[in-house]
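Presented sequentially are two complexes of subunit A, the first with subunit B as partner and the second with subunit C.
Up next, the complex of A and B:
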């Protein structure tokens, strides 16, 4: 009897494939160990949870649905998990933060749009759906970020930003080594990252080459944002306005007479043609009505 | 003497339908009850919002807009028969002119309402006029349809003036107030040369004026689609394509009306088989014209197969809309052309059947023009339930779509009840002309 063996084999193969698929799916976040064990320095309470809820509703709800209600968007692939589920709640705080930071496939990265503090608020909100959750606070002191001095100087010759980061500790300046540095230019709908996120070198420095074709305002001014993240000192950012973009002086699309503009700024030729049409129509109608008037009068005689 | 008898017979024959009889009451009752049912559906739509329809973010123009285009199309026939044919001195069409005008006026009057039915917030209708942008084809459409309605009403009214006088004088069984209305509307018609000349001049002016306006209403309606860049609408021939299609729909509507009036009002002597034969030829002519535009409209994008067009055409020819598409093209256009070329089919009963096919095909054609394009936007439809992107009309929507059709029937029925649907004065004049030629 060859047949049942064959069938069994195919079932086994199929089950193996399914297991493998699940395995690869679960494992693919690949959260680094040091990230996994990170904890929040903010104590989770009702206030942080309610702040987190507002952020969740604006950024997460459309795909993940209301936690506990199972209305996550199941037509997506992979399906965005229901975040009050055991699977999601079993992740550590650090893993959740990592996922928010990096994103994957349809899950966007919030690294550039939410600060770490806001991400912790979201996690605080989600932990409210887990009765067994006990928070482990991080010993990190957020006020330490105030000690950090972040300097970004634009070097015209090299066309690059030289970024220097150090902390003003009691015992003198301490260069921030291995901190993440990223450079952004503010655009209308968000921040445009320039080059990759770099790590500061042994002297707390990083150099990011700046492209010379970014459109600025009339005088070529751009708003440049430098962000730094250090495991010990937290997040720091500085903003500066520099005339390093391409001067652009285009009149707004809604300033001239155009088809797409409001009625007051309609093109003359449309105003003319439309009025011409309406006026000629009215003249014809008046002519006809006058004929009818004459008609009536002539019948009276 | 025989002429006199003849004209009296004509007057009597053509005035006979103007009286309230049982058949009329029953028909009006049926129409009114059906209209009430449909208006209840509209009430539900007003109460609960557009969610009761199958419309959504992707297919936001559904049956209502198809219906609107169909209505505007059908109203164009007034221009073709009363305008173009009379200017071309096609005498045979004269007895059909008033039927065509009544149909035109009814469809044009209701077309605006069809748009209101498509509005989620009809209470904001006035904003179209207050904040309308002169750059938008929507405002042009509102303007030209209003103009066409006014011109159609005048075109119906002015040649009717002598007949209104005849109504006031010859109708015996009407209440005094109705007689007064006839009298008032006949504007002291006393058949003087001056008055004849004024009527002739005015009618001729309107016959000319109505041609650009009618072309404008359907061309502008086509621009509502063609002025976008969407696959299936982005076409330079949409204006004439729509106008040709409108002639097909309107001619079919007139044939159906001719048949029914002839039967119900016993007008066999006035609407003869000769008229059916002639208007059958007209239907073939306009259908061939429309077929030509159809070939153009599908051939050109199908040859180039640009990506979005290719997808659209594939859906129409062999995809999810293929059945409807081929029923429409074959049943509503190609088969009618083949049949009507043959003389035996240009008889009243076969023509009633064929015209009904054509008219249904004309409605479906508008559906085919509006909906498949809406289902295929340029940006990919993703991560939404299937029902968001595939349009299925609901029962309420179907009823609300039927409501304006009933209104058109009501308007036609009432108008055909209060005015002679075949011009009396003109028919008598025509007879006299023939008689004087014989002498």
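Up next, the complex of A and C:
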């Protein structure tokens, strides 16, 4: 008697959870339509899944847990979803890619740490937990990016980069309209994005204002990277070295005289007091020795 | 003619005997010399050969007679790694920013650090503390590495110049110089240093490794160990072990001279001064004048709860 009610309860709870999961997914991620319908150009197979598993274990496992085992970190708010669940698997490939790219609240963005290829590998791994999944391959050809010509010229008067992008198609030049353009400055541990990611206008152009307070090297040189992403042509980037930064030549942090520094860089007052102490002590000893000598002489007399 | 012939014959025999004598004595001499040389060579074993460490840190064996003394310079006295470790990276001033609002006590930073520096589980270069300022305020987690002060009290008290500050701001300890007096532990207001009371964790496995002052490996019993800002990784242009291990985007690391810090999780870069100004960044115990190179962003708008067991532990430290 007790058993069926328990079962019913659990079924009810489960179906409620599924509905809840659907709702939370639908409500929270505002994926743009053109991103939603994106598909992978990489065919998902065992090799892409195993590569994806390694990436998943390094980057996602600590919060989302092992797919299918339900060991996701439930202390977080919102709770990171179990990725083999129906709610997660109902998302399109494009939506998953968008989520990986943007991140939200507790979930970090992987835009800078994973390439698009690696993200597809992770998605390939996750799709392995969905038996009903059938991949729709995208007709995108990554070699098309070779056709793209990306030119970035620095305009000194405007203090801005004028970026022009076009593709050398068989039937002549074609301006890339509505492609994402972003400007970066190379730094020691990562690239600093300047301004926001812009979209190219009708003539395939974009203008990004460059701030005048970016520190460069001793001569003010900077390595500037321009990245372009187009849904049809993929990712293209150009790099150039320009003297548009603030010349920076700060002394080392152990240059100054300080009590903690090496002996040659001890503060002058310490050197002075120490030498004064040693010299006065020596003078004192000489004075005593001289007095002892005088005693001896007077005693001998 | 006959007489001549006889004479020549006679001469030949005499000459022959003469030559035979010369050759015989000669070969005898040569043989004995060879024998003596062989004997000398075989006798000359460990005592006549000596192991020498080259400037490139290679152990070679040469004969004692081949040694010529080289005038000592500071460069040859120190091993290559020690010299490199003392010099630091020119033109940089490394800085770390810790965002307390993101820390969830995942402790990946601690395990990555302990793995890299071969530390025992109870030894921490970086430690995640449970903090509660007053009874009414919210508790939070606070990772605490060495602050790499610009005015380091630990360096001032070291009697043997074992701990030092580099031009790029990193404070390191040379375990080969450290005498284990622990003055620096007493001087550090942040309790950032640990002492190797016992034989280090991987003592046997690490035997024979060349000591790297930028990694503190192999660790040495009876000496100090401390957070190194992962000087070996930074030299390669990589983020420190703890920074890149964090799954929650707590850590930012970068070069103050470049005015940029990079998040270890998202690899996203931000202007350092703007990040500090916009989020009310602060340093620990600024009243001491130690000028730390580690900045904290306050635990504002946390999106995770504090664990109940941790709350009890944090409350233990509240002032009565």
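In this text, the second predicted complex is superposed on the first by the 224 of 301 C-alpha atoms of A that agree within 3 Å, B and C clash if a C-alpha of one lies under 4 Å from a C-alpha of the other, contacts with A are read in each partner's own complex, and residues count from 1 in each chain.
Everything that follows uses one rule, which is that contacts are C-beta pairs under 8 Å (C-beta built on N, C-alpha and C of every residue); 3 or more make two chains touch, one makes a residue touch a chain.
From a predicted model like this one, the values you see are computed outputs, not experimental measurements.
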Exercise. Please indicate which partner A:287 is in contact with in the superposed arrangement: first for subunit B, second for subunit C, both, or neither.
Key: first
Exercise. Check whether A:214 is in contact with subunit B, with subunit C, with both or with neither, and answer first, second, both or neither.
Key: second
Quiz item: Should A:132 be classified as contacting the first partner (subunit B), the second (subunit C), both, or neither?
Solution: neither
Quiz prompt | Of subunit B and subunit C, the chain that contacts the larger number of subunit A residues | solution = C
Practice problem: Examine A:105 and indicate which partner it touches, taking first as subunit B and second as subunit C; both and neither are also allowed. | Solution: second
Quiz item: Can A:299 be said to touch subunit B (first), subunit C (second), both, or neither?
Solution: first
Quiz item: Is A:190 touching the first partner subunit B, the second partner subunit C, both, or neither of them?
Solution: second
Quiz item: Regarding the shared-chain residue A:262, is it in contact with subunit B (first), subunit C (second), both, or neither?
Solution: both
Quiz item: After lining up the shared chain so the two structures overlap, which partner does A:30 touch, if you call subunit B first and subunit C second: first, second, both or neither?
Solution: neither
Quiz item: When the two structures are overlaid on chain A, which partner does A:278 contact: first (subunit B), second (subunit C), both, or neither?
Solution: first
Exercise. Determine where on subunit A the residues touched by subunit B overlap those touched by subunit C, and list them.
Key: 75-76, 259-262
Practice problem: Could you please specify the touching residues of subunit B with respect to subunit A in the complex? | Solution: 131-135, 140, 143, 147, 150-151, 154, 158, 161, 187-190, 192, 194-195, 198-199, 201-202, 205-206, 209, 213, 216, 383-385
Quiz prompt | Residues of subunit A that touch subunit C when the two form their complex | solution = 59, 62-63, 75-77, 103, 105-106, 108-113, 185, 187-193, 213-215, 217-218, 248-250, 252-255, 258-262
Exercise. Would you mind writing out the residues of subunit C in touch with subunit A in their complex?
Key: 88, 90-93, 104, 106, 108, 150-153, 155-156, 161, 164-169, 237-239, 247-249, 253-255, 257-260, 262-263, 265-271, 303-305, 307
Quiz item: Within the complex, which stretch of subunit A touches subunit B?
Solution: 73, 75-76, 259-263, 266-267, 270-271, 274, 277-278, 281, 284-285, 287-288, 291-292, 294-296, 298-300
